[in-house]
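Two complexes are shown next, each including chain A; its partner changes from chain B in the first to chain C in the second.
Right, the complex of A and B next:
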């Protein structure tokens, strides 16, 4: 829409449209972030110091939490992406004009911690799978069932995230799969390409930007969410958000700066990751658009 | 059976396999929770409950803090949804229909709340909220729930605007429709699917917040998740199951309400 339609010029309309959302975001993120950074560098009495960071980096519990958080975030993101991608490829034609898509929405309707309870219900030592194996005669007692929930590796947490995020991945990918010009796939196949060739040369260039965006969103989410690890984690090592929450609410207020500095690290990491990957994708996108125009 | 399998192609077979998998993964768990909530003494290693009772539901309904917390949860989520609609629709329109300098920076800024840990922002905002007398109040919790919801809302609406394109809107303008008429008769009906997704998504995200509510609500604003955790560590499994069912029912109730309201709005618009 070039030129003027309506009362305001486009430039002013644009500002008016964007202003509320930008103002709210700046207030929440800008101010929240600034205040968090400031409080991580201050003592309770308001003196500026880097002692908090020195204390954090000499804290073993912190590094164990960091390792666990990193592992859980990377594993659950990668597995969700792979499973979601495979399911989307198999199902996009079925979903095209059907009400079956509602099925994918079901897990989206459930808060994360209820998904956590589901995993607990099925996979804990006294859960339903353990009962099933006992009834079939594989297990002698519930103690023989492997500890999958509330253990140190974070398996239960990873399982919960996969169950919750696979539908999210599918819903992100579905629109892109409808956009792909599938005549290209036929070209590859007629030229003797395998299924993998089709995926690599036709589908991947289309879905790569959205795949990376989804990966960044999932990584950042899993690394900073509190609800599931609080429910399904172990007391030690606990995931970073739980560790930070406990420092924040510790009766001892001197631990508060630790809470801020502990969460700032994943925050800054996520921001850097997002900036780099989205920048890389932008280049790739431009190349694709140029290629199409030629 | 074999004949049936033979007649199906490999592709159909794969599709129906995935379909069955979907049902097992996404529907069966809820049937199980439903059964659990009306069972009594369903313990390891029984595969099915041996006795049914409504005791769990009775004790849930008897809890006076529960009804209150459902009302609070619903009010907060409703306000969060409304604010998201008001903020996201114009922003999404601007992002989808205009190109301008610094667009990618603004896009990055609007997406940033899902990249920066919400718990960090909430902890950072707590002090300010106390200063402005927003902490320990519903309105403060509503504001902090915008952090995890607004980026998704803008994303969903933007996709909707991009699908719609601008040609129909331009045609209406050429035919002499004013901005409001254009929005109500052209954009709104075409954007309805996106608005529905936005409402559902933001409602569910708001419903699932524990940490943000606890930090800003300070224990005075009690939403459903805040009651859920203490119940989880108690040993009455039927009660936890009943609680989980409640969490699944609330969004459904909300969608139902929204559908009725949308129908009324559409009817009113059509009359104009």
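Right, the complex of A and C next:
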């Protein structure tokens, strides 16, 4: 049996072994994606048209949603990366031989919806913090508590995402920090470099690829997740996934194609972003390993 | 190579097996032409899957503990209640229709309004069956307003009325002495109590109907036409009233009208936490079970607006095009329209909603039972409810409110 397979060249063997995975992906994900694309170009009766996209681009609600989605996704990604990076730098020595790191990863065990609900319970105007401050007399009425959830900027949503994604950033960065050859850092310091110089010349080139990859993952995730903006957002503007959900489940089925096209656009953007950044990251990695281009 | 071939062959087999081309189009018309006795006898010993919204404990209890055991006893039918949101089982049916799946899993669905319109237009329903049901013939009749139009859509026997509810407001009587009784008084009350009132986002059924009351008031003498086909002329005359009213109260709403609760559940939560002092909704007896389980304060009472009145709404049962057991479905629907089942449904400890049966057609005995029913402290008397009852509007107005509200109220 093995003998026959052995007759195949390595290239063919690889393709054969990957076939089940590719087949499943194509059948399930591929078919799903295709029907989403098809339905965004069809009326509810099955006629092909591009009217949906024309309507989408002339729709104010869509642009307001897009703006909010962009703001929330970029802000929560950047803040998660910065906080995660600072925490990793401070903690990686400590984590080396300690079980304490489990503490940092606890938020990862909690589902996003539960996390959103916790934020709602603690930070809403009738929530635990406002009640506490009211009971001890800091606030005259619970209505004086700052509005953090269900307001137009998206503070509550960003807060939830930061709390959930910082552990993820740490998880991604920690192994890289252990890989860095820290003798380089000593070189920089002996030559009179500051801490910032150490970070810039030694650590940043190592962690840059992983930072970019993490950013793409987080951006795509935040821009397309539904539950947290639904729970913590306002009626208008709403984030894109909520907008699409409303179009999809609206009493009027003729709006369904809008829902598909509204979610396809960020999907295509994320795909492009991923392709370009992974290409750039690969080049950077090659340079790090082989010292090319310098 | 052999393995690869086997694998490809298996994959092909899998794909072929996925196709489902079995048809039973003929079965559909056959069922509808059968005699009633035949339908009942062939439904003996079968299972019926009832797909319905499962968010209310009282309603679930009525189905599971009252209806199911009696159906088992009388017809030997096993009734399975499958809790699923209406949008989701509608989607399921639409997908099955597209995939030509002619033997589904759903026998009975609970729908009305826009969902019925969608289902009718997409041809998702079995056919005209309601005239066959003896209880429908005897106690409702196809001349009944509720049997002819469902929010402006002609029913054509595709669904059978199941229940009727009326729109009421609930308030905490320990904090409000005399509730407002007209829209103008309500507006004054909102100005006097800033931050203590709001209504759900109009994409929610309850929020949408709140706005419909304004539309009816604005239409004045023409309001009778609203229950018929969607009419742009009436809107032109009354829209000024609607948007002015909403704009006027906006700054005194909860959170200054910056945001609105997404659903009735969220509105109820705000009310139960005391953030707002009023909630609202379809079903005049809705508060009873919520008071009993401690969600609402015991001092909760209800009121209707005497001007313009209170919109009523009928909901229906129907059978999907691909029901595996249409005979059983018809027997179950007929049972649920019996006076016995309809009166039990009015019991406030379970469901507590109004009946669709014509009161005058009921036997004297049944009329007496209904007259003696104690529907609970928070429920208004049947006389008051009937006096201010208004029919529901065409679904075109629902969509109009949905589309305009965001532009006129939110983005200013």
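Simple rule for what comes next: the second predicted complex is superposed on the first by the 267 of 294 C-alpha atoms of A that agree within 3 Å, B and C clash if a C-alpha of one lies under 4 Å from a C-alpha of the other, contacts with A are read in each partner's own complex, and residues count from 1 in each chain.
As a working rule, a residue touches a chain if its C-beta (ideal position, glycine included) is under 8 Å from a C-beta of that chain, and two chains touch if they have at least 3 such contacts.
Predicted model, so just to flag it, every value in this text is computed and none were measured.
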By the touch definition at the top of the document, which applies to A:143: first (chain B), second (chain C), both, or neither? second
Determine, under the contact definition given at the top, whether A:201 touches first (chain B), second (chain C), both, or neither. neither
Examine A:252 and indicate which partner it touches, taking first as chain B and second as chain C; both and neither are also allowed. second
Is A:264 contacted by the first partner chain B, the second partner chain C, both or neither? first
Could you say whether A:61 touches chain B, chain C, both of them, or neither, answering first, second, both or neither? second
Between chain B (first) and chain C (second), which does A:121 come into contact with in this model arrangement: first, second, both, or neither? first
Should A:151 be classified as contacting the first partner (chain B), the second (chain C), both, or neither? second
Contacts for A:17 in the overlay, against chain B (first) and chain C (second): which applies, first, second, both or neither? first
Does the superposition put A:230 against chain B (first), chain C (second), both, or neither? both
Given the superposition on chain A, which partner contacts more residues in chain A: chain B or chain C? B
Please report the chain A residues shared by its interface with chain B and its interface with chain C. 5, 16, 20, 126, 230
In their complex, what parts of chain B are in touch with chain A? 14-15, 18-19, 22-23, 25-27, 29-30, 32-33, 36, 43-47, 86-88, 90-91, 93-95, 97-98, 100, 104, 106, 108-125, 127-128, 143-144, 146-147, 150, 154, 159, 166, 169-170, 173, 178-179, 200-201, 204, 207-211, 215, 225, 228-229, 232, 240-241, 244, 247-248, 251-252
Across the complex, what residues on chain C touch chain A? 1-4, 7, 11, 87, 113-115, 117-118, 122, 195, 201, 203, 255, 258-260, 262, 273-275, 395, 398-399, 402, 406-407, 410-411
Show me the residue ranges of chain A that touch chain C in the complex, using the header's touch definition. 4-5, 16, 19-20, 23, 60-61, 64, 125-126, 143, 147, 150-152, 230, 234-236, 246, 249-253
Give every residue of chain A touching chain B within the complex, in rising order. 1, 5-7, 10, 13-14, 16-18, 20-22, 24-26, 28-29, 31-37, 39, 87, 90-91, 93-94, 100, 103-114, 117-118, 121-122, 126-128, 130-132, 134-135, 142, 163, 167, 175, 216-217, 220-221, 223-224, 226-227, 230-231, 241, 244-245, 248, 259-260, 263-264, 266-267, 270-271, 274-275, 278, 282
